[in-house]
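What follows is a pair of complexes built around chain A, which joins chain B in one and chain C in the other.
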Partner chain A sequence: MKNIVELFLGILTAMGGFVEVGELVFSVDAGAKFGFRLLWVVALGTLGITVFCEMAGRVAAVKGQPVFNLIRERAGLNAGLVTLVAANLVNLLTCTAEIGGIALVWQLLSGWPYRWLALGALGFLLLVVWVLSFQWIERVFGLLGLLMCTYLAAAYYLRPNWGEVAAGFVPGVPHLESSSEYLLFAYFAVAILSSVMLPYETYFYASGAMEDGWNPGDVNLNRVIAIVGSVLGSVLAVALVVCGAQVFRPHQIEPQLPGEAALAASLTLGRWGLLAAVGGMFFAFAGAAIETSLSGAYNLAQFLGWPWGKYRPARTAARFSLTWIITFVLAALIIMTGVDPVSVVEYSIVFSVVILPFTYFPVLVIAGDRRVMGEEHANGWFANAVGWFYLGIVTLAALLAVPLLIVTRGGKG
Partner chain B sequence: MKDEFLDLVRQVLDHEVVDSNNLPCGMVDDLEVSGGPGGELRVTALLVGAGAWTRRLPSGFEGLAAFIFGRQQTRVPWSEVETVTERVKLRSRAEELGLGGADRKAAKILEKVPGSG
Partner chain C sequence: MHKRARSWGNWLAPAIILLILGAGVASFAGPGQSQGDKHSLKNDVSELKSRAGTGRLVAEQALAGNLTRNFVEAQAEQMRKGVAQTRDKLTPEQFGPELSAQVLQAADLARRLEGALNSLRGAGADRQAAESARKNLAGLFEELSRLEEDLKE
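And now, the complex of A and B:
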């Protein structure tokens, strides 16, 4: 039973990474623009995030050290501080976008003014994180986020050509008409890779493992949870790409709002499908908002050596608690200025790829260090080989991300 | 400590400091050494707090970081160090060494909210 409950850490981590508002819009948009041709990037990213979450979880279970503790220790103060600032900027921007996403979902249901709904979302999130324990947060938002599986059913009933879907998993670049379209394809490939391998997933996952009190005996459990969570998240991302390709591509519509993704569910599953999809989006966005605000607090506390954790009473981890509260408040204030949440998250996704090498390098080095991890728990040759391969890929993506963002004008082509 | 010597930069600097109750109470932000060329060089204290780490940043960033995080620092004598593993464990409690003061101040704000523990 304990193992089933622990699964929700993996599910919540993956939900907050794979189906938050930015990825939702990005995936549906990628399907609308390129059909199934980007599915191999989702698969590539999924293996990468599984490998690094597993390593970060293993280090947390064996050594009791979360990710930012390792970054400070192995990357040093200066490189570590750059990573901290960038990571927490990404956390803040993503949290901002999620609060905007929740307000958009509520607006879809109620028609009330957007800014007031954003304020309501802030109140809801503050109350939930203050009152609920980490374990209940995992269960509630992990379980109810599973309503997103509605999109799986929707993708199935949209009757895609399964042969073409399967062909999309073969790495390759389609024949496009102009060089600007190739650049756009490259931009989407980098952005999807980044949105699948979002750095805060590893921060949150490793810290969550420590919140749940994992020890070296949980190493196998960690492996299962990292795999199940990432695979579930990526299947949902694939379903969103399929929905985009089937619903919007034939009409050459470029969806830019989360509500448009819900359209795919309502077309095939009717009123109840729409309600389940909207409910799933609400819990997925709220889960991602909580994941990013807590990640911000975890990172800062672990970098500076503050007591941290939801398992401690707020009074005894006071700076940690104030940090997540301030993150929520700042995020809500930004959204209330009227910025478009989807463009906020698109920028944050592209910038987050830039910090991926700084995040993954220390994790890879520690997880592979036999003196630190011991013979039994250090990376084997497979994990090391895959880890270094992905470090190469994310470094390449990090170098390409900002130039591609500029030349494609943020994916507008 | 099993090893014959301690690599101060890799095994001590930038590692987490915990007190005798295993409560995190900062990082080893800098080290104080005494002695000089020709004589014996000894580590005399750990320096913990923003005042210690902001000084290690490239010039230009130091002032900005100090503006945000302050310049407070606490000196913990090396004799207070009990063990050095992934964490540097101290022999006394955080309050006794003057560590964790900022957290206790922040706790005063949160204490007023119901459910703060």
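And now, the complex of A and C:
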């Protein structure tokens, strides 16, 4: 019974914690710009994040080693250090985007000044992470993030042509008017892939497995949570694309703000739909902000061999605790300089895709190493093949991300 | 496996540094730093049109009673800020002299759009003010659509 409850909670929290501000903005905008034609990228990314989260969780459960232990052990100090700095800079950028998103969402509810709300978000996040245990953080923000299911209901009531929706899952490039539109399509494909496969999700998932005390007996639990949680979470991303296509495309609107996405819920479900969507966005963004700050702290502590973990009292993991506090403070300070939160979201997504191969390569190598993982738990030929295929995909996306950012003028076309 | 891992460690560090530096340079020097052309002016106009369209949608939803007062105020303010940022870029110096007339027209429409979003923000529970803002935003959407079409040719 306990295992079933744990499985159920794990799946729900994985689903509720799937969407963050970058995914919300890019998914709705992708629907508005290209209709359902980018849905196959959501599916592609979902399979990818499932594969790598499952591997990272399995390695954590079997070897008791999270991602950055492996990176240092396998890549050596120099390459590991560069990966660490790059990963934590991207974590900081993503955390900044999430705090900006929280402030925007709170402003929609209260009407108060944005910068004060960013400061309030900082205080809230510090308090929550300080007071709540890892399990309660996961449950509160994962489960309340399920308010994002409002977008599922909205997508259903918007009555899309389900045949066209299904056709969107077939990989392909639509016929577009100009070369600049093809480039924009490619930029959005890379951005959607990145937003679904954000690197912090893997760091956090593997470290979380250790926080939860997983052991080799939890390999199957890991597999089910990684697969079902990611697939259900991606259904939310699909719903956001559908909302973008049904609400904004006919009006020639290219939504960029969280509040614009919430209009899809108000249109179909009225005022309560609006409030549920805004609430869902708050919990989703806050959950992602916490995950990115903790990921930064996990990465640094694991790399340098410090004691880490939310399960330890703060005084016995002081440097770990200080790191997540500093991440939150820096992120809030960046937002309070007045930087455009939407631009931060865009850059966090582009920078994330750049480091994806460096995150996933060590995971793939270790998970496939029979001497390390044992015959029973190492990747089989199929998992290895899928893993290498995805490594190729994310490497290609990483190489294309920067040129596409330049030629599409930051995704403007 | 360790040897293989160490060998990729040798190229991993420079690869990451190159990619991050490339992304950083692109972020700061890439979009928006060079003199604008017809295409970037069209993009700015599209962005303004999109804001006008959203503003109209917000006004319609407010009139239907689907939005809270705070939501309307905050959403209108967030969009107004975005319009102000775009308007700041719309000076003839930022674009070639052959585009002066269209740039000035776009800047004028941006100013009017800011005003309309301000009206929407202040409409509160006043249905007449919200309806007036809706009509104003719908008109601006049409004007911006026409300018966008002109710039496509």
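Observations on the structure shown:
Note that the second predicted complex is superposed on the first by the 395 of 413 C-alpha atoms of A that agree within 3 Å, B and C clash if a C-alpha of one lies under 4 Å from a C-alpha of the other, contacts with A are read in each partner's own complex, and residues count from 1 in each chain.
Here is the rule we use: a contact is a pair of C-beta atoms (placed from the backbone, for glycine too) under 8 Å apart; a residue touches a chain by one contact, two chains touch by 3 or more.
Treat the numbers as computed from the prediction; the structure is a model and nothing was measured.
Three-chain overlay on chain A, with chain B and chain C fitting side by side and no clash. Look at A:65: by the touch rule set out above, it reaches chain B but stays clear of chain C. Ranked by how many residues of chain A each touches, chain B and chain C are led by C. In the overlay built on the shared chain, the residue A:216 is in contact with neither chain B nor chain C.
By the touch criterion stated above, A:120 is placed in contact with neither chain B nor chain C.
Shared-chain residue A:78: touches chain B and chain C both. By the touch criterion defined above, A:313 reaches chain B but does not reach chain C.
Once the two complexes are overlaid on the shared chain, A:279 sits clear of chain B and of chain C alike. Superposition on chain A leaves chain B and chain C with their closest Cα atoms 5 Å from each other. Touched by chain B in one complex and by chain C in the other are residues 76, 78, 80-81, 372 of chain A. Every residue of chain A that touches chain C in the complex is listed here, in rising order: 74-76, 78-83, 86, 89, 104, 107-111, 180, 251-257, 259-260, 262-263, 266-267, 270-271, 273-275, 278, 340, 342, 347, 350-351, 354-355, 358, 361-362, 365, 369, 371-372, 398-399, 401-403, 405-406, 409-410, 412-413. On chain A, the positions that touch chain B within their shared complex are 63-65, 69, 72-73, 76-78, 80-81, 130-131, 301, 303-308, 312-319, 321-322, 372. By the touch criterion stated above, chain C contacts chain A in their complex at residues 1-2, 4-6, 8-10, 12-13, 15-17, 19-20, 22-23, 26-27, 30-32, 39-40, 43, 46-47, 49-50, 53-54, 56-58, 61, 65-71, 73-75, 77-79, 82, 85, 145. Note for the complex: chain B touches chain A at residues 14-17, 23-27, 48, 53, 56-58, 65, 86, 100, 102-107, 109-111, 113, 115-117.
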